Structure formats: structure tokens, C-alpha cells
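Just below sit the structures, each encoded as C-alpha cells.
Note that chain A is present in both complexes that follow, paired respectively with chain B and with chain C.
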Partner chain A sequence: MNAVRNFVFARRGRAGKWHWTDIVTWIWLIGGTIIMFGPALWLISSSFKGPAQLAEFPPTLLPYVQEVAKVEGYDAPLPLYQVTQEDGSTRVMAEIRRIGTSAQMVDPANPEERVSVRLTDRQPVREVGLAINNYTDPFLAFDFMRYLGNSVFVTVMATLLTLLTNSMAAFALSKYRFKGRDAVMLLIVATLMVPLSVILVPLYSVVSSVGLLNSLWGVILPTIATPTGVFLLRQYMLTIPDELIEAARMDHASEWQIYWRIILPLAAPALAVLAIFSVVWRWNDFLWPLIVLSRRELYTLQIGLNTYAGELNVQWHYILAMTVVTMIPVVLVFIFLQRFITTGIAGAGIK
Partner chain B sequence: MPLVLIARGLDPVLRLWQRCTGTGGMITFFLLPNMAIFGVFVIIPLVLNIIYSMTGGVDILLKDRSFIGLGQYGRLLECQDYLVSTTCREDQFWTAVRNTGTFVLFQVSLMVCVSMITALILNRKIAGRGFFRAVFFFPVLLSPVVVGLIWRWILQRQGLMNLIVTQLGFDPVVWLNDRFFAFSAAIGVSTWAHMGFYTLILLAGLQAIPKDLYEAAEMDATPASRVFWRITLPLLGPNLAVVLVLALIRGVQIFDEAYVLTGGGPGTSTLFITQYIYEVGFASFLRNPGLAAAASILMGLVLVVLTLIQLGLSRRAEKGNAR
Partner chain C sequence: MGRIVLKNIRKAFDAVEVIHGVDLEIKEGELVVFVGPSGCGKSTLLRLIAGLDTPTSGSIEIDGRDVTKAGAADRGLAMVFQSYALYPHMTVRQNLSFGLENQRMPKAEIAARVDEAARMLEIDELLGRRPTQLSGGQRQRVAIGRAIVRNPTAFLLDEPLSNLDAELRGTMRAELSALHARLSTTMIYVTHDQVEAMTLADRIVVLRKGVIEQVDTPLNLYNKPQNLFVAGFIGAPNMNFFKVEVKSGKAELPGGAQIAVVHEGPVTLGLRPQHLRLAQPEERAIAAEVFLIESLGAETVLHANVEGAGQIITVLDGQLDIARGAPIRLAFDDANLHAFDAAGQRIG
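Coming up: the complex of A and B.
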């Protein structure tokens, strides 16, 4: 037990004494965990609340749903309320319909007797539960399914093409000597300096003149020649020994076979890192799709979400649920690949 | 695996190509897709941008536009008093410049402080270091739209922030309708979203500092504060500089999460340069692509200077880490 304690509270100074820096450390780490994860957890909890509960203040931590009961003589289940009677006692009743400021209610045990109750005299009976239809409705009522499909298409296609074009260029730049190689490298490094926001207007006109406006390919193509990708893959391929290539040439392998059969499999770790980054980048892209796509049926998730959230009458119960769905792929990446990423970033300094 | 079949099918074709053009032809083949895309979607737009910034009119296609020289720049820079944006011809541009400047000043200082403290803490011998390193990195992966919506939801009238505030005995506030709070929220939220990235760079720098230096300091019973100022900070210097400049470069371009969070409002209090370019070029009723291009070139010049500094610094930091 002591060993466990020593492990958990490993600290400066002599054993058994708390240095003030240990306290600061744990306050910072625990506070940090709450601040970093809290907002996302709050989003998830809120996404399971119904619209009435979302409008309440103060908000509850957990989602609740109103209890319903099947009452004899009524087809649909009726919502239950805690009704305060004139003598101060309370009883649970089911609502049949609302009429102005009062409601017609019935005792579930005694369906014959109808009572009129003022709305101020009753409280809904609730239990912890999930408003699942926040998630199911957008798939049916909105074009949510289509946005999801568009996002998946853009992400998968852009990532595959990024891996292919970047690895081909990286192969040429790492395994061949030719005139102008340094110039090409310099050009690629220089494009690091050109963020999208600087070339927004002319890029739009280029994409429009090649006829890719309002097309998912117009979103995909400008993003695939990432300088960071070429850079990362080239650095990795430089570590692959040239002897392997020489040996393959002896066996009459073509240059394409050398690339496809030898270099690509050996560069798999670097390709995996780039693939993860590319998936996160393309899934999260916002400004460029916002400009290229103006037809609703072509929106990606991010654009669709922003559009719904920008409407005059924001339907938060749907927005929150859709935000959670939008978050799922990156959360999966985070859960399964975080160790890979955090060490990869520190090594390559890419983002 | 259709990809494998395609690759195999390509082989005879490429063998022929290799026989006809030699290795040089293959190099061209390997470079071509990437460089063609670079050329069409980066280099050509870059050149076109300069031309755009010298033309007028509302048409987006270059052939419909008329040459007006440096008029767009003149319009952007025409100001009676550069400190008061309302005296400028393009008052929105100057508001955006001033907002971006203020934003960068506060956000970058906050970012460097917070990620520095976090990196120092994660560099200690603590249980679950890998877990906590991941914790601070989590928001980096979230999309700007998700980040903006999460915080819009927390800062709304019936939101979590008001729950906390009322529990502490204050009156609830509509945070994003208040100029000061909306601006602070943009700073705080963007710091929240990106600090994990900078923390990792600083952590890598901290771990590259030779351990024997600390052991020697411990032998001499050097006080912790002195160790920090005399060993940690000087040796971390290059990494710290990279973080500073990277944060500056990204801060100047702030757009998406702030745009989803506040939409530039209330009024123009969180209007930043990229949003100005986007609105003048595309979104507003009286769009002016030439003006947007000129503004983007001015921003680009600032970024080029910052990037050149960063490339120089990161080369030095790499040498430092390799030591």
C-alpha cells in the first residue's frame, strides 16, 4: 500500500514531506483535466436533454426525461406530473391535454375521473434518461446523413491522395539525385508560408475556372499537396538504406516497383502518422469548404453544423447531438492513437 | 484491394515509360502529381493574388476586372488618424487590424505562460504522465466548429458558466453579447483549443536538456528558482522562441473558432483580419475581391516575416535538441 502511495505521490524533496510544488502540480493537473474534458462532457450530457429541459435555468448535470404512464382508455402514453392539491398534499397524475393556463388531468389508477389543474400547481415527474430522438431526428428530418457522407468522402479521398502524391514526391526527393532537387525542396518549404487565408480570393477563382466550384473535388484537390506531409515522409525515407534499392535494381525491378513494393511498406510508420493527421485536418476543415460549397446538398458536417447553428431559431437539442456525432472520429483517434500522436508531434513539430 | 490491382496494372505502362525516358522520366513522374497541385493551387493563386489586388469591380473572374493600379492599397491605408479606426476610409479593416493586434498580444502571452507551466509540470516525475499529456492535447484534435459550438453552449444565457457564476453569488451575464466578455472568450477559447500543441513542443525541449546539469545543480544544493533561471530557461530558449513565433503566426490568422463562437460580434468587437477578408471577398452584399486580395497580401507580408523568423529559430532549436 505504501509503495502505491509513493508511486502516486512521487515528489520532490525527502520522502513523507509535501513540497508546495507538489500541491501546485496536482491542483494544476486535476484542474486542467476538468477544464479540458469538462466542456466536452457537458456537451455530451446536454445533447441527451430534451428542448424543454435545455431551456431551464439552472441546468441539471444529468439529462432527465419526463416519466409517462399508460392509462386505460388512451392510446398514447400520457406524461406524469406531481400535482399539489388545495390541502397541500401531492399526488401523481397524468396529463390529457392543456387548455390555456390549466390542464385536464387524470389519476392513472382511476381513469374515469378528470380534474382541471392550474399549470403553476404541478411539477413534471422526471427520471434520469436519454432523449435519444435528438440523435435520430436529424438523420431523418435534416440532410444530416448526406453531410456525414460528404465529410467521410472528402476525408477518405483527400487522405488517400495525400498519402499517394506526398509519398511519390518524397520518394523522388529522397532517393534520386537530380538537378534542381534543392530548388524543389525550397519551393515546398516556401509554400509553408502561404496559409489558405492569404490566397483565398485567387484560389477561389482558380477552382472556379477549372470547374470545381460546388463540387467535393474542389474541396479535396487544393488540400492534398501538403508541404508538411512531403517533409515528414522525406525525412523518414532518408533513413531507409539505399542498398535495398540497389539490390532491387539488380533484380530488374522497375522504379515504380521499388517505390510501391519496397519504399512504401518500409515507410509505413511515417505514412500512418501522416494518415492520422490528414484525417483530422480534413475532417475538421472549415474555411475552404465554406467558400467552395454553396449548395446545401454538398455541405460537409462542419459547414452544415455551422449553418444550423447560425439560424435565427437555433434548435440546440439537435445541434448539440450533431456536434457530438461530429466529434466522434477525432475522439476515437484520440483514444486509440494519442500516444502515437503526442510523441509524433513532439518529434516532427507538425500541426 | 482495388488499389493494389491498379498499382500492379500500372507497372507495365510505367516500365515502358521508364525505358523511353530513363530515370529522369521516372523522377518527373513521381514529382508531377504533387508539384502540379502545388503549382495550380498555391503558386498560381499567389501570383494571381498580386494581380487581383490591383484590379477593381465586383466580378470574381479576372477577365471581367479592370486594372486600377495600387488603388485598393490606397483605399485600405487611407486614414486621417491611424489610432482611431472611424477616421479611416475602410474603418472595418482598421477595426479588424486593431482587434487582431490586441488579440495576438493577449492570446500569445496567455498561451506561452499556460503551456510553459503545463510543460514544466508534465516534465516532473508524476504518476500518469502519459495520461495527463494526452489530457491537455485533447482539444487540439477537435474541429473549430465543435470548439466554437461547445463554448457557445457553455456561455449562453442558461449555460454552465452562468450556473457557476450564480452559485458564486453573482448575477448571470449574457457573455457573448458583451464586448469585453466576447473578446475575452475568443482569447480564452482559442488558448484552450491549442495550448496542448505548444505544451508538447516545450515538453520535448525540456526533455532534451541533459539530466547531468540538474544532477550537478543538486550536488551544489542550488535553489530551485536559480536552477530554473540559470539552466532550464536558457536551454529551453530556442524552443520557447519557436512556440512564441508559431503562436504569433497562428494568432494573426485567427478565424474559424472565433467566427463560430461570436460571428465577429457583438458589433465588430471580435472582427479579425481573416474574417474581414472572407466577408469582403465572398460573404458581404457589396463584395470586393480586389480589396480582399490587397488585405490578404498585407497580412501575408506580416506572416512571411514571422515565418522566416520561425524557420531560423527552429533550425537553432533542432541543433539544441540534437545536442
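Coming up: the complex of A and C.
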């Protein structure tokens, strides 16, 4: 522990003094942390706020909930307010109903006497708390589980197919010599420059004419061939020594076996990176699923979330909460696969 | 089993021809070493035999069967690569059995063969490890083991010892030699190290620039090099050469020594450093001036300048008390003299 503290608080300045680089470092690091984590933390904090609190200005840092009290003679618990009276003293009262710019309020200790209070003379009594129903309501009312299932299906299938097809293409482009190999590679990489919005219409007519509209496969299939993936895997496979492949060829391995038993295991670090990318891409995909899927029961989460944003009314509290939920799988995938990014298992064993 | 015949093999990469018509017959059970300077085409020739590359023209026969068009796996050969090329993600056992599994051999037989090879190479302790956890020498053994389990008609070894340190190289050389004696399988061994070539080979193939310069037993190569290149390449330190003019069967060496040569015109004479000795006062000799002395204990290497004929290197037995700059006279026997004509071919 001591070593960690010494490391973290080590300064360039001697004898407890601050060197100017120490100050810059701290500002830089703290600023960077806020920029990186600020939005995510803000999202999580906001997702626990009720609709009224979200609309407030200035916004509060932490989520609050209004305190309520059970008052004799009323079925539902009533919200509590701090009321400033005409003589300047304050007391806590419960609101029965609002009428225009004033509210009918009652003292919980004395439920018989009703008082009319102007809205400007009262402050809600709040404590830090979580609006859990932002999370629970969508699970109950909204078809969350079905959307989640669709999203998982699309992400898993698309990622598996992406890894398979891209690695096969990369294998051919890195380990076989044939005429036009570099031209093919160039062509594949060149498609990086074509954004989805440009090919949206032709892609739509292709998917439509093969009858994949309103099918999850219509979302999956057009996305599996990615130039980024082919390029990434090819660059990695170039580092796998050809002698390994020749050794396998001498060992009676078929070309398929070489791919499956030698190249794929050795390209695992690059495959993991591509898997992370693919999961993030497919999970967060919005535009293409929105176009292909028009039946509600086929919606993926991202499209499902969109239904909270109506023409007249956006239910921010639900959108924020569900955004947090949809982030969880991506974060988990990253946590589990990130070690592959840093460790390379190939390259060893040679020399 | 294991007779390999190469007939007029040529290989070109794009427009550049690197093997210019090689004819070679390797007998069954023979250990043949391909030796030559880097870029001479020895590894290319091995890859052609292995089936990893196909020759531009010519044919390759193994045991009388034309395999020129056959794939690498169908030739029944096993290869040990310079980098060993062990599969890094597999254990030693998996490395050894990979080739057998691909041939759909029964599991029990695979296990038996792997165990036998492991015992033979003393790597049974390592079967559960991965190549990264092995030392250089151990990897080398595993690479050889992977070749042995296949029970091949011939072994192809591409500079197998070049990644080992000097001491280990000596041990592995002896082991390879013993292994060949025990298996009596044909082996083709590629190296640029002439000590390996001389100690291991039944016959040595000396290559230069894609052409075979000479094929012979190690001692014949040493004693009767067919041309200047072989004479200069085999033997360390290199042979001393003197350019002389032969007139009516006589040539004069620098220093005035007269010798008889059965040739006329310009001739290159060669003398191995080991065949020179310090001359007696009256003896016919080459005069030189020492400029570098390498005392190795058992022998002394003298580098000397011969006036008008460049440098001469001598290896003398024992330890000598000679100072730099001292004049010496070096004598030799005519029997040890090699003569080459203007085209570099051996005379006599």
C-alpha cells in the first residue's frame, strides 16, 4: 500500500516542494479523468433522476427524491414541502393538490386544516435517493427482454460471422501469392472511405429484393464483411512466420486445417480485438436496423429505446436508464477480452 | 528407401534464375550436405526437394517415382526448419502428433510413436510443455522429433544448428551423426558451416550461384578440390593462392622456388596453410615477412606478406617464438600443391 501511495504521490520537486510539472501533471490527469469519465458518470447519475428533476435548471449533481409522508385521511403518500410563512418562519407541509400558481397544503400533524400556499413560497423537501422505477418500469411495461434478445442475437451472430469471414479473407490475402492480391487488398481497404449513408439506398434494395426486410438476418448479413477487420487481421497474420505454414504443409495438413488449427489460434489476439470492435459496432448499430426492422417484435435495443422519444414528448428518464443498461454488455465484453489486446501469444516458439 | 534423383533442376523467381540446372543423385541412407556461401541456392534446392517450391524445369524422383508435381505432404519427406517452426500454441506432444493426426493414424499408434521418439531424443520430460518454455537445444530436439515420428523416407534439415551456441552446436552435431547411424535414413543437410559439412557428411555438395561445383566425400574435397572455388571454400583458414606463369613445364614461386607443372600459360597454385612449415636453411622455400601472429596454444597462425604476391597464411604446430616483422621462410612438399588453370579447373 505504501509503495502504491509513494508512486502515486511522487513529485519531481524535492523536499516536499511542488515543481511546475507536478502541478501540470495533476491538472492534466484530473482534467483528463473528468473529460473521459464525466459524461459516463453524468449519464449514470442522471439515469436515477425523476423526470421533474431532469428538467430542472441548474441541474443537480446527485439524484434526489422528494420526501413523502402518509397523512391521515389521504390514501396516497403526499409530497412534503418546506413552506415559508408570512411571519418568516418555516414549517414542513404536505401538498394535496396544485391549483394554478398556488397549492393546497396540509400539516401532517394536523390533517384537518388546509392552507393555500403560493408556489414561490415553498421548497420541496428532498434527500439523495434513486429513482429506481426508471429501471424497473421499462422492464415491466416496455418489451425490454425481447429487444435484448434480438440485440444479443444480432451481436453474437454478426460477430461470429465477421470473425470467420474476415479471418478467411485475411488468411488468403496474407499467406497466398496470387495475381491481383494487392489490388484486392487495396479495393477492400478503399471501401473504408464509403460511408454507410452513401450505400444505404442500394443496400436497402438488395436486402429488400432477397426478402430479408423485417428479418434479423437482414441486419446481420450486410455488416459481416468489414474492411477494418480484414485489414487488421491481415496485418497481424503477416507477422505469423511462413515456416509454420510450410511445416504444417509437410505435416499433411490441408489448407483448411492450416487455417483452422494454426492460423486462427495464433491470430487470437487480433481476433479478440476485432471481436470487441464488432460487438461494440453491432450492439450500438442504430441506422441500419432502424431501416430494416419495422415490426416492433424484431426491434433491437437501440431501436426500442428510440420509441421513448416521441414526436411531442421525450421520456428522458427512461432513455437514460435504458442507455445505462445497454452499455453493460459492451463494458463486460471489453473487460473480459482486453487482456488479449495486450498479450500476444504468437511470435514465441520461433527462435 | 530414400533414393533421391534430381535431373536438370532449374528454378527462377520471376525473371531471376537462381538454380541453373542441377543434376544430383542421392543414394539410399546417405547423409548428403549442401554447403556453399549464402545466396548459393542451397536452401532453395532443399525447398524444391521438399515440395515447398516447384522447379521451373527438370524433374525430381524419390525411389524411382517422379514427384516433381506432387505436393509437400505426398513425398514422404520430413523437414527440420532453421527456425524450428514449432507450433507455439501447441504442447510438445501436440507438436509431435499433429502430422500423424492429419494422416488419421489411430490414437494408440500416435502415442506409441511420440513416446518412442521422445525417449530417443530424451525429451519425454518436456511433452507437456509449450515451445516457449523450452531452451534452444530442447526446441531443436523437438523439431527433430517432429520429423522422426513421421517415419519419413528422407530427412531434410535446413541449417538446423545455426541458432544454437557453439558448445551446444558441437553436441547436437554429434547427436545428429549418431541419429543418422541409428536410423540409417537418407538425410539432406543444408549448412554454410564447413565444419558441420566435413564432420557429418557422407558426401558434400558444394554449390555456388545455383551451380554444383563439386560433389564428393569430405576428404576428397579437401585433398582434390576440382576448382578454385572449392579449394578456397573448403578448409580453414583459406588456401593460399599464387598466380604464376608456366613456361616449358616450369613455374617459379615468389622467392625463386622452381616447381614442375604439367601445363602451359597462366596457372594458379594453391597451398593449404597447414601444409606449410618453417624451412631448413638450405631448403627451397617462400620468403615472407610476418605481420600478424595468432597464438592459439596448440597451434600458431602466422599471417605474412610475400613480396610481390600478396599475403600468405600458415598454421604451424605448437607455440612459436616469432616476433611481428620477422622474416620467415616457408617450405612445402610438391605433393600438397594444387594447380588450377586459367579457367579455375584443377590440373592433374
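The definition used in the following text is that the second predicted complex is superposed on the first by the 218 of 351 C-alpha atoms of A that agree within 3 Å, B and C clash if a C-alpha of one lies under 4 Å from a C-alpha of the other, contacts with A are read in each partner's own complex, and residues count from 1 in each chain.
Definition applied: a contact is a pair of C-beta atoms (placed from the backbone, for glycine too) under 8 Å apart; a residue touches a chain by one contact, two chains touch by 3 or more.
Since this is a predicted model, take the numbers as computed values, not measurements.
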Touched partner set for A:74, first chain B, second chain C, both or neither: neither
Partner chain in contact with A:284 - chain B first, chain C second, else both or neither: first
Partner chain(s) touched by A:257 [first = chain B, second = chain C, both, neither]: both
Per-residue contact with chain A, leading partner among chain C and chain B: B
Partner chain in contact with A:247 - chain B first, chain C second, else both or neither: second
Which superposed partner A:203 touches (first chain B, second chain C, both, neither): first
Contacts of A:153 with chain B and chain C, given as first, second, both or neither: neither
On chain A, the residue positions that both chain B and chain C contact, one per complex: 254, 257, 345-347, 349, 351
Chain C to chain A touching residues, read off their complex: 50, 52, 71-73, 77-79, 81-89, 98-99, 102-103, 130-132, 139, 146, 150, 163
Chain A residues touching chain C - in the complex, by the definition given at the top: 241, 243-244, 246-254, 257, 261-262, 265-266, 268, 345-351
Complex interface listing, chain A residues touching chain B: 7-12, 21, 24-25, 28-29, 32-33, 35-37, 39-40, 42-43, 46, 54-59, 160, 164-166, 168-169, 171-173, 176, 178, 184, 187-189, 191-195, 197-210, 221-222, 224-225, 230, 254-257, 259-260, 280, 283-284, 286-287, 290-291, 302, 305-306, 309-310, 316, 319-320, 323, 326-327, 330-331, 333-334, 338-339, 341-342, 345-347, 349, 351
In the complex, chain B residues that touch chain A: 3, 7, 10-11, 14-15, 18, 23-24, 26-27, 29-31, 33-35, 37-38, 40-49, 51-52, 60-62, 117-118, 121, 124-127, 130, 132-146, 149-154, 157-160, 162-163, 166, 172, 192, 196-197, 200-201, 203-204, 224, 242, 253, 255-256, 260, 263, 274, 277-278, 281-282, 289, 292-293, 296-297, 299-300, 303-304, 307-308, 311, 314
